[in-house]
C-alpha cells in the first residue's frame, strides 16, 4: 500500500454543525489520526469555495484519500466525488462522514456528546478511507440497436418509435405475419373503430421502415451477454442467425384463456369465447335472439386471482355490436363487478345500457348454471342484487375469459434471466419506479406480456419501453456505479451458495479448467452485497464496501 | 436551447418525463406552479398496492431531477404564453418572486423556525398550519423557502423582518420581483396532474357541515408521519384517535350531478387508507361502501383479498344515501342499502371518509387556451386519435401525460410520462 | 546430515493425534531414520527435566497436539517453544481449540460442580473439589491450575505451522514430514491444507443451493451423489478448508468443520451461519417457519464452533 | 425520553453500533435530522448499500472490540431497493440471535428493525429505546 | 305503453343498482321489505308480473327524495306513475285510505249528471267576481271537511283565508262553481282515463271563465296543472302557488302584519319543494311576520322528509311512523307550531296525532297550521275576522 495521505474537510454548515459541534476541536483531533496529513474546517464545504479548496488541497498536499465530514451522502456524495475526480483523484477514494443530519441536528441539547460522537464518526471514516482502493467505472459500449421480441401492436409501436429516432431495430415475430392478437379482433372498444384500421397501417409503416428488420416465423433461441452487448441467436424456420444488439424489448403479448370444462365449453356448439364471437361478428351473426354473456370466467378465482382488466370492456363492446347489428336481440351480461374504469370506458358502459343491454351481478359462490345437453337452451342465474333465481332463455352463450400468459414465458424468462410474477406474467423491476424495465439492465417489457392492457395502454407502454431503451443507446455507453461484487477465483470453491441469492441473476457457476467457479457479470451486479456477506470462503469482495473496510470502521468505533 | 423540451407540471409524471428526456440528452425546462416539485404524490403517506411510502419512491426521482445537468427547474412559476409551432415553440414563463435568493440559500431552515406568522398549509389540505415563510414539505426540491406575501407581516404591515435577521446566508430579499423568462422548445409535455373534487355540493354527505366527515386527501395527511397530527388518526371534532371508520366510494364520480366518469383509482386508495388505519392502530374496523370494486391492476385483487382477510375491512355493496350527525358524540351515521340483501340500514362510525373524484386541474381552461389545445367533455386533455397516439393532443408537438390526460394511478402515469418523452424524442429527431 | 530431533506432546486432547502419527504405518520407519524422538511422553520415556536440560532451539521440530486447558500444559508449551526451532500446532485442538474448546461454554466452577458433585456416579459426601495444593498425610500435593478458558496453542506461544484435522489425515502428516525432511517448508504460519473450501474437492454434484428444511443425519438417508447441504443436512464443507480428501463426505456423513475456517475468514461459525441462513427458503413473515428454522439447526453454536470455539471472535460464553 | 438522573447515577454511557441501509433506514435517519427530532447520542452509524451486506462476522467483531449493542436497520420487507436483500438479513439475524444467546450475550444487545425513508420519528424512537435497554443491561464485558 | 317503453322514457336502464334511492327513501327506512331499487330491478329483469302484483307498488310516496340524488338520472316517481297505470289497467290498485271515501268523491265528480253544491261555504265576507283575470282554484278542500270526523281537517279554512288575503290585497278572484278535482290522486294511482276526464272538464270551464292566471293554495293541484295537464289538455294560463303570489306582492306594502310572538318550523311539502322547487317564498312570507322565529328542521328544503302518505293510498303503520318521527323532529327544534303549505300535509299530520282506536296515539302534541292561515291570522284585523 503506497503511503496513504488522507485529507479531511470538516464543515460548519453555517450554524447547523458548528452551532452544536466544536468543529475546530474536532479538526485538530482529526489531525492526530494516523495517515492524516491535512485537515481543515470551512463554513460551507459544499459551497463553490469549499469545493475549490478541496481540489486545491488535493494537489497541494498530494492527497490520495479525501474525507468530508458534513451533511448526508445521499444528497452531496456525487458533488464531492466529482470534486475529487476533477482534481485527478479517483472518486472512490472519498469517504463521507455524516455529522449534521445524524449528529448535530439530532443532539442539539448535548453539544459535548455530539462533539464526541463527531470525533468517533470521523475516526471511523478515516479508518475506512485508509483502506479504500481506486475503482474504475467500467464503461460499457452500447450497440445502438434493439431487439424487439413480439410483433403485436406493442412490439410494432416500440419498433416504430425507436426507428423514428434513428435506431436499428430487429423485430422478431413467431407467427407468419405481424399483428398479434389484433389480427383476429373485429372492432376495438372506445372508438369502435375496426381493428384493421389500426393494425394494417401500423404493419405497413413497420414493413416500409428501412431501420426495422422484420423477422417473421422466427423465434429467439438464445440470448447471452448484458446491456449494450447482447448476442442473440434467432431461429428462422430451422436456419440459425446471430445478431448483436444493445437493448431488448419484450412484447410477446398474451393469449385468451380457453375455458375448457367450464360451463360446458367445448362440448356444446353454441358456447363461444369473446374471441370466437369477434370472428363471428366479423363474418356476420346468425339469427340468435337471446345472447347471454358470463364475465369473470376463469378469473378472480382462487386458482387465478387476478382481474383480466379489459375483458369487461371486450364483452360490452361485443354486446353493443350485437345490439347494433340486431336491435331486437336480447343481450344479458352476467358479471361480478364491471371494470369500466376511467372516462372512456364508463361512457361506453352507459351507451350499452342505453342500447338495452341488461347487466346482472352474480356471486362467486352461486355461479350461473347451463340448461340444455348438446346445445345451451337457457342459463339459470341467481341475481345477487335481487336475491332471486332467474332463467334466461339462451340461443348463444359467450364466456368472457381473461388474458393469460403464454406458456413459453417460462423459457423467455430463463433465456433472458428475467423473472416472472406469481401470475406468470413478466415481473417489472418496480411497479412505480421502473414499470417498463426489468431488474436486469438493458431489457424492457411492455404490452400484455407485462399485464393485460388495452390498445392505448399497450402503445403507451411500448413508447415508454422505447424511451428507456433509447437512453443508453443514445449515450453510447453505460457506466454503472463501480460498487459491484467481484470473485477471487483463488478462494472460490464453487460451492454455489451465492448463485441463487442474487436478485439480478448476475452470478452463475462457470467451469474453468475442470473446476466450477462463481462468475459475476459486473454489468448486471447492483452492488447490494448480499452474496459477499453469505460467501462462506470470503471469496466475494464488495468494491467500496470490502470486509476489511467495514471491519476497520467497526474497530475504530471503540478507541 | 436547440434540442429542448418544455415540461409543464412537476408532479411524478412531469418529473419522470423530465428525467427520461434529460437522460436521452435533451435539454429540459420543468415548470412547476408550487414552490417545490413533487406534486400530489408528495402528499400521500403510502401508495397501493405495495404500501411502500410515497416519499421513498418520489424522493430519489426528485433529487435526480433537481441535480440533473440537463434539467432546469423553474418552481413557483407559471407559463404565461406559448407561440410558434412544433419544433419552434417560444414560451414566456413568469417566475414569481420567492423573496429568497436561491443561490445563497442553503436550506438550513432557521428562517422558518423563527417566523412568527402562520397560515393554512395547502400541502396538509388545510388540516395543519405552516409559517408565512415556508417550504411545502421537509424533502422539498429545491429546498429553498418561499415568502407567502399574503400572510407575511412585512409585506402586509411593513414590520417583523425576523427571517432576514436570522438568515446567516443573507438570502432573504424582500424586494425580489417576478421575472419573465423566455424559453424555446421543440416539443411541450403537459403534466399538470389533477385536482380533487370538493364534495360540499353533495350536501347529503354533510362535508363541511359534519366535522367528522373528511375527504380522502385530508385523511392521507392525518395518516402521514409528516402531517399535522404526525401520523395519528385524530378526528377533527375532538381529536379522538379513531378505531371505527367508514369509506364511501364514488363521491363525485359516476354521478350525473357531479362527474359521470369513473376516477379509476378511488377503489384502490380507499382500501389502502383502510389498511393504513389498521396499521396505525391494529384492531381498527373499516367499512367500505362501493358499487363496483375496480381492482384491475397488478396484484390489486390480492391486495383487496388481504385487506378483507387481515385488516378487518368489510366491503358493503351499496352507495350510501346520506350521512346524518349523531349530536351526542359527533359520530357520523351513514344510511345505506346493502344491495346484496336489500336491507336499508344505518351505520354509526367515528369518522367517515369520502373517496373524492379526480377532476381536471382548476386552471385547465387557462392552460388549454395558452397551449391552444382542446379538452374533452370532462375537461381532460383531448386525444384526437386515442388508439394509435395515446399521448398526443390536438396540437402537433404538444403531448400530455398523467392525470391531466385522464384519471389514472401512479404506475400508469409514470408509463405515460416515459411514453410522452419517447414521442417528444421522435419529434426532436425530426419525426412528427 | 545429523538426524533431526523431534518432540511430540499431548496436551488437552484425546490422544487421537498421537495415534494418527502411528497411522503412518510403515512410513513411521522413515520418520525413525529421519529423526530421533527426544520427547514423547506417550511413546518414549523422556521426562520433563530431560527437556529442560536441552539447550534452546535444540529440538528441530515439535508436533504439539492438544489445547491448553491448565497451567501445566501452558508451562510445557512454553518450554517446548523455547527448546524447538519449529513449533507445529498438530491437530484441531492445538490449531483451533478442538472439541475440548467446547468447554468454553462453561467455567471452572460449573465444570467442577458437574464433574465432582452433580454427576450421578459420584460418591463425594463432603463435596471435596480438586485444589491446586492440598495438605495430606504424605505431605503437600500440588495440581496444575484448571483455567476457566481453554486456549489454542497459538494463544499461548508462537506457532510456526498448523496441521489441521481431527485427527490430521495421514497424507497431510506425511506431507509435513516430507516438508521437514526436505527442509522445503511453506511460509511461516501457513496451514497444511487447501486454501479452498471442502466443496472444491467434494465429489458430490451440486445443484441449487436452496433448502426448505434441515434434517438431523439420522432423519434422512441422503442420496449418495448429491450435495448433502442441498438435501437439507448441515454440512460445514462450504466454510471449512479442504485438503482432507472429503473423508467424511465419502462415508455419507456431513463435514463438521474440523479443518477450520478459510484463510480470509476470521470466524468460521459466523460465516457458516450467514451462508446457511441466506439459502434457507422460508417466508420471514411466517413466525412459525422462522422459529422452526432455529429449532432445526440444533445447537447452533455447538455445531458451527464444534472445533474452533477458543479461536472464535467470541471465544467463550459470558457468565 | 432519557431522564438525566438515571444517566448520572450509573454513569455508564452505552456505545452502540448501527448498520443502516443506504436507501431506507439511512434516509429515515436523515429525515429525523431534517425534522430535528432529538435522540440519544450513543449510536454510531455505518452505512451499507443494503442490510443484506451485513456479515454476522462484523457483529461478532463489534462485540469483541467492546461495543455494548448492535442495531441493524433495513428497509421494510417489500421495500428493499434490491428486491429482497432484507429477507436474507432477517433470517441471518434471527439465527445469529439464537447463537449469541448460547454465548451468553443477552438478546437485547442485538436488534433488527425496519425503518422507511419517511419514518424519522420511528428511527429516533428505536435509537432511544435501544439505548435504554443497553443501559439497563450494563456494559458488555468480554 | 309497455314496460320496456316505460323503462326507456324514464331512463331506468341507467340504473347502477347502487341502492342510494333505497337508503334515502323514507318508506324503506322503516319498512324492511320495501326497496325502490328492488322494484326497479324487477322491471329491468322483466319480472312484470311480480312488479304489477307487488303489494308495495302503491306504497311509494312519489316524494322525489330518491330521484333528486340518483347518480344515474332515473326519474323514479314518473316510473312509479307509469307502472301504476299498467297495474291499474289490469285492475290492480293500492289500499285506499279511510275506506276509499276520498276516491269515491273523485269518482262521483266524474259523473256529469251530479250537481255539485261546491260554493256552499262561500259566505259573503269573501268577495269573488264573475269575470276577471285571476282565478283561485279551491281544489278538494270542501270535500275534505266531511271526510274526517275525529279531527278538524281545516282544508276549507285554507281556502277561506286564501280569499281573505287576496281580498285584502284588493283582488277578487273568480271561483268556479263547477270546479272539479284536479285528478292528481287518480293520475298517481294509475287511473289515467278518469284523470283525463277531470282534466278536460276543468280546462273547459277555466277557458270559458277567461282566466289568465290561476292561483293555487294546494301544491298538488299546482303541480298537476303545471306538469301533467299539458300532456292531456292545452290550457295556457299563468300558474302560481299562493305563497309565490304573496311573496311577489308582499313588498308593495299591501300586507301589514301585527306582531305574532311564536317559534315556528316549516315543513316543505314534497310537491311544492322537490317537485316545483318553491323553497324560499314560504320562508320569506313567514319571516315577514314580525315576532315570528323560524327554526329549520334537520331535514329541510330539498332534504325534508315527506309527511308519509300520498294519493290517499297505502297509508299504514310505516306512514304513521314516518309522520311521528317528522313531528318529533319538528318538536326537537323547540318550535311551538309546524307550518306547512299543503292541505294534505296538514291533514296527515293532524290525523297522526289523533289515536285511531287500535294503536296508542303518538306522544307528540304539535299545532299544525297552513301558512295561509298563519298569514291571515297575522293580518291587521281591519278586514272582517
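Letters A, B, C, D and E name the chains as they come in the text, with residue numbers starting at 1 for each one.
Keep in mind that, in the parts below, a contact is a pair of C-beta atoms (placed from the backbone, for glycine too) under 8 Å apart; a residue touches a chain by one contact, two chains touch by 3 or more.
Given the structure is predicted, the values throughout are model-derived calculations rather than measurements.
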Required minimum of steps from subunit D to subunit E, each step between chains that touch: 2
Both-way neighbours, i.e. chains that touch subunit C and touch subunit A: D
Relative to subunit E, chain with the most remote C-alpha centre: C
Contact pairs, highest-scoring chain pair: A-B
Between subunit A and subunit B, centroid-to-centroid distance (C-alpha), Å: 24
Mean-CA-position distance for subunit C and subunit B (Å): 66
Distance from subunit D to subunit C - Cα centre to Cα centre, in angstrom: 35
Approximate Å spacing (C-alpha centroids) for the pair subunit A, subunit D: 32
Residues of subunit B engaged with two or more neighbouring chains: 50, 60, 254, 317, 339, 342
Where subunit E touches two or more other chains, by residue: 17, 37-38
Two or more partner chains touched - positions in subunit D: 27, 34, 55-57, 61, 88, 92
Complete list of chain pairs which touch one another: A-B, A-C, A-D, A-E, B-D, B-E, C-D
Subunit D partner contacts - residues on subunit B that touch it in the complex: 45, 50-56, 59-60, 109, 138-139, 224-226, 230-231
Complex contact set, residues of subunit B against subunit E: 203-204, 250, 254-257, 291, 317-322, 324, 335-339, 342-344
Complex contact set, residues of subunit C against subunit D: 105, 265-267, 269-271, 273-274, 276-278, 280, 282, 284-285, 290, 293-294, 297, 299-302, 304, 312-314, 316-319
Touching residues (chain side subunit E, partner subunit A) in the complex: 4, 13-14, 17, 37-38, 41-42, 44-45, 47
Touch list for subunit A against partner subunit D, complex: 72-74, 98, 100-103, 105-110, 113-114, 116-117, 120-121, 124, 439, 483, 501, 503-504, 526-530, 532-534, 542, 545, 547, 550-551, 553-555, 557-558
